[in-house]
Amino acid sequence: MTVITSLPDAVALVVQDGDTVAFEGFTHLIPFAAGHEVIRQGRRDLTLVRMTPDVIYDQLIGAGCARRLVFSWGGNPGVGSLHRFRDAVQHGWPAPLEIEENSHAVMANRYVAAASGLPFAVLRGAVGTDLPAHSDSIRPITCPFTGEELTAVPALRLDAAVVHAQRADREGNVQLWGITGVQKEAVLSATRSLVTVEEIVPVLEPVPGAVVLPSWVVDCVALAPGGAHPSYADGYSVRDNAFYQEWDAISRDRATFGEWLRELQR
Amino acid sequence: MTVITSLPDAVALVVQDGDTVAFEGFTHLIPFAAGHEVIRQGRRDLTLVRMTPDVIYDQLIGAGCARRLVFSWGGNPGVGSLHRFRDAVQHGWPAPLEIEENSHAVMANRYVAAASGLPFAVLRGAVGTDLPAHSDSIRPITCPFTGEELTAVPALRLDAAVVHAQRADREGNVQLWGITGVQKEAVLSATRSLVTVEEIVPVLEPVPGAVVLPSWVVDCVALAPGGAHPSYADGYSVRDNAFYQEWDAISRDRATFGEWLRELQR
Amino acid sequence: MNYSADEMMTVAAARALRDRAVCFVGIGIPSTAANLARRTHAPGLVLIYESGCIGAKPTSLPLSIGDGELASSADAVVSVPEIFNYWLQPGRVDVGFLSAAQLDRRGNINTTVIGPYASPEVRLPGAGGAPEIASGCRSVVVVVRQSLKTFVDGLDFVTSAAAPRMVITDLGVLEPSPSGELVMTSLHPGVSAADARAATGWDLAMADDLGVTSPPSPHELDVLRSLTHR
Amino acid sequence: MNYSADEMMTVAAARALRDRAVCFVGIGIPSTAANLARRTHAPGLVLIYESGCIGAKPTSLPLSIGDGELASSADAVVSVPEIFNYWLQPGRVDVGFLSAAQLDRRGNINTTVIGPYASPEVRLPGAGGAPEIASGCRSVVVVVRQSLKTFVDGLDFVTSAAAPRMVITDLGVLEPSPSGELVMTSLHPGVSAADARAATGWDLAMADDLGVTSPPSPHELDVLRSLTHR
């Protein structure tokens, strides 16, 4: 049964020190407000999982919440580099960051395996690349029918998944639409899940392209209007492309990032 | 590029003697009109593939179109047995029918593998049952990460897939909604595909829960209003439960079935 | 109030479902029982049909698992591969409701053939979702009429290794003993142990604390009849 | 009409796409080129973005692959696992458009690190969809500025084994010889073979029939500028 509570309480319930946690959202519906609350609550030693660790993970990494990053593309989309991510990888600041690096297809299938209750998934992936040499998550597997060699990847099981959605009803059924990414898979891969929403409504009227997560797979719902900013929520807000560009300057050096962080924690 | 043509021309283009062909639709949107056209055109030696070979396959089997059946549940839903299917299996009438029998989960994953361009899929399936002893399609596979033993099933590649949908646009983009079953997977598993539709419209307005098949994966579209009868098309017709019940009497003996068949072929 | 043996069976099956349980339902008596439960003691019961309907709330009993109202009343409708892979397989479903043509003393199920597989006396529909409902759900309840035809000493074909926590029949309720063999734990009113043994193809054991099933309440019967007579 | 080297590169990349091709597009110059093609000679071009948008028809250039207009203008929006498994992996896509931080003489691509993997000089974004775009599409076109920094004799990391049928740069066009080594087959107007060799970290071969790229037409430039200046 879903607990509907405040964002601070929900984050405290769902995200714990040392967790393997995914904040998902493929450009759209990124749960920034929940990420900021994790920073405020001072979580540490997180293994952060995300296909595209963009600005939200730059912030969590810069704030020292992360010990490890599992990902497939770490950049500021349409802008450039993630400076806090680079500083952590290149100089160990504010703390060393272990990385486990995959391709998008590998990551997506690792979520699919976990959501499906399987220990692994099969794909044609990463062939001819240096990725397998630097990852324990890519192994060959032979088709028992054709003898063909393919790629096996292990399930990406999560302690916690955090996603943002347009809305929930009072039972905790969740509805999201537009680009829905791997959010369903992330929630179904997790022991605990938190969904922040733009609004809570009496009835979820059907919407074209919507994914519905029934309440019995959602642990916590928290109202967080605008909680995807600077990402967006289709039908509620537009992407704040200017902020993504400003982030390049904010994050470029440790001092200006420090000011941003103090402002957030005030 | 999709060819939009008459039902007889479309069936002639897509379904050929000896084909492995799936007519899919999970209770909803079953392409009966296309099946009847296959009977009229006298196709032979088909390997018929379908999770739930209900009345549509009873008709194709009774008419002598099939050599082989790949399936997971062969009954008249809510009514009882498929008498033509039973007569073929038990007495070889009108022709012997080879069967390859799976569970629903095995069939669904065999379609998924084919749609994904993989030679096999992995699931927890058919464990502890007699199904593997009577099928070449269920083999053990070991997880390369955990050592756990799971079930591998081979891709179900089709020569042809036939489905019914609510509508298409003039480019051949197809839209279906309601219970959408494994229709997307069947079309993506096939070399050739035919979609019969209730109507052809200028623009496919978005509908909640709709699956869209882009025109570049659809070979033929044919207008066939009511083409799912006695199954139904959500938003266009309701299931003719009375016909499913009547079919029990029509199909029970060879003579009354023969009358039905002559009527169809007139 | 008079009631039939099938009504007793359906009511007993409905009672096996606790409120807010997530239940994977097949068509026939399991679907009737689940919908009865949802209208009596278990309004929060979540019904999942293998057609892809999650949280279906039909107002009348569906004839098929793909009836339109299952989709239109559902919280979510997903593809058939998804219902098996994301929802059933990982063990998210509390109860799987199955029926059977044959059942053995350990609760294994046959819905495939009577007689030899290659030349069957009766060709039955086959497995459908049953093998993975049996292995994927946290618990399995089988609902089946008890007779020498169904309760057999050896199955002609093992379609599902069900290992049910409960088998509910028109005569009573069976549950597995610690050894895994089904034991009669309750008899419906008016049914004797001899009746149950006479309808069972193996030497059926009775539980030490063999009980008598509470008869259907007037409310249960009213709701059941309003469902089935609609 | 004056034009920049980047404009020439983008126009040449757009021309590499035939009408009605199905094209898997990344953000940046590949997306600009694909949208330019759709507005000029290839109105039936099908654009697929890894965010799950199939048949996107954006009216302005997206800043990210997840911009709202990609979804709202698409024929279909599917999940990220589905876009990779059902649409890219089986070879349904004609052309994959990639960029690179480093490219070697066989067209392998690095977008992962400059320097050693464990202690990189520059940590780049990583693989994203590129390895499977490279292996899953029927053909690959790489669009990248040509310089000693990008055209290197050995990659610091092989992110994608791209084997492109064409590499389009700000200096010209390269295509693989029968041996698989990239050879310059066309130079953009005003670029000499020496210029191209000076921007290449290996001994770059020129094709026997080395041509000169047609300059951007006024129409191509107009449409390109209306896209990028919006």
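A, B, C and D label the chains in the order they appear, each numbered from 1.
In the analysis below, a residue touches a chain if its C-beta (ideal position, glycine included) is under 8 Å from a C-beta of that chain, and two chains touch if they have at least 3 such contacts.
Everything numeric here is computed off the predicted structure, so don't read it as measured data.
Colleague: A-C versus A-D: which has more C-beta pairs touching?
Modeller: A-D
Colleague: Calculate how many whole Å lie between the centre of chain A and the centre of chain C, each centre taken as the average of the chain's C-alpha atoms.
Modeller: A distance of 40 Å separates the two centres.
Colleague: Can you work out the whole-Å distance between the CA centroids of chain B and chain C?
Modeller: Going by mean C-alpha positions, chain B sits 28 Å from chain C.
Colleague: Can you pull out the residues of chain B that are in contact with at least two other chains?
Modeller: If we look for residues of chain B contacting two or more partner chains, we find 116-118, 123-124, 184-185, 209, 211.
Colleague: Listing for chain D: what residues touch at least two other chains?
Modeller: Each of 85, 89 in chain D touches at least two other chains.
Colleague: Would you please name all pairs of chains that touch?
Modeller: Touch list across chains, by label: A-B, A-C, A-D, B-C, B-D.
Colleague: Would you tell me which residues of chain B are touching chain A in their complex?
Modeller: Chain B residues touching chain A: 116-124, 139-141, 143-146, 148, 150, 152, 154, 206-210.
Colleague: Please give the residue numbers of chain A that touch chain D in the complex, ascending.
Modeller: These residues of chain A touch chain D: 26-28, 51-52, 71-75, 77-78, 81-82, 85-86, 89-90, 101-105, 108-109, 111-112, 123-131, 134, 178-182, 184-185, 209, 211, 232, 234, 238-239, 241, 244.
Colleague: Inside the complex, what are the residues of chain D that reach chain A?
Modeller: 27-28, 50-53, 62-68, 70-72, 77, 79-81, 84-85, 88-89, 108, 112, 117, 119-132, 135-136, 157-161
Colleague: Can you tell me which positions in chain C touch chain A when the two form their complex?
Modeller: 20, 22, 46, 54-55, 75-76, 85-86, 89-92
Colleague: Once bound in the complex, which stretches of chain B touch chain D?
Modeller: It comes out as residues 1, 115-118, 173, 184-185, 188, 211-214, 216-217.
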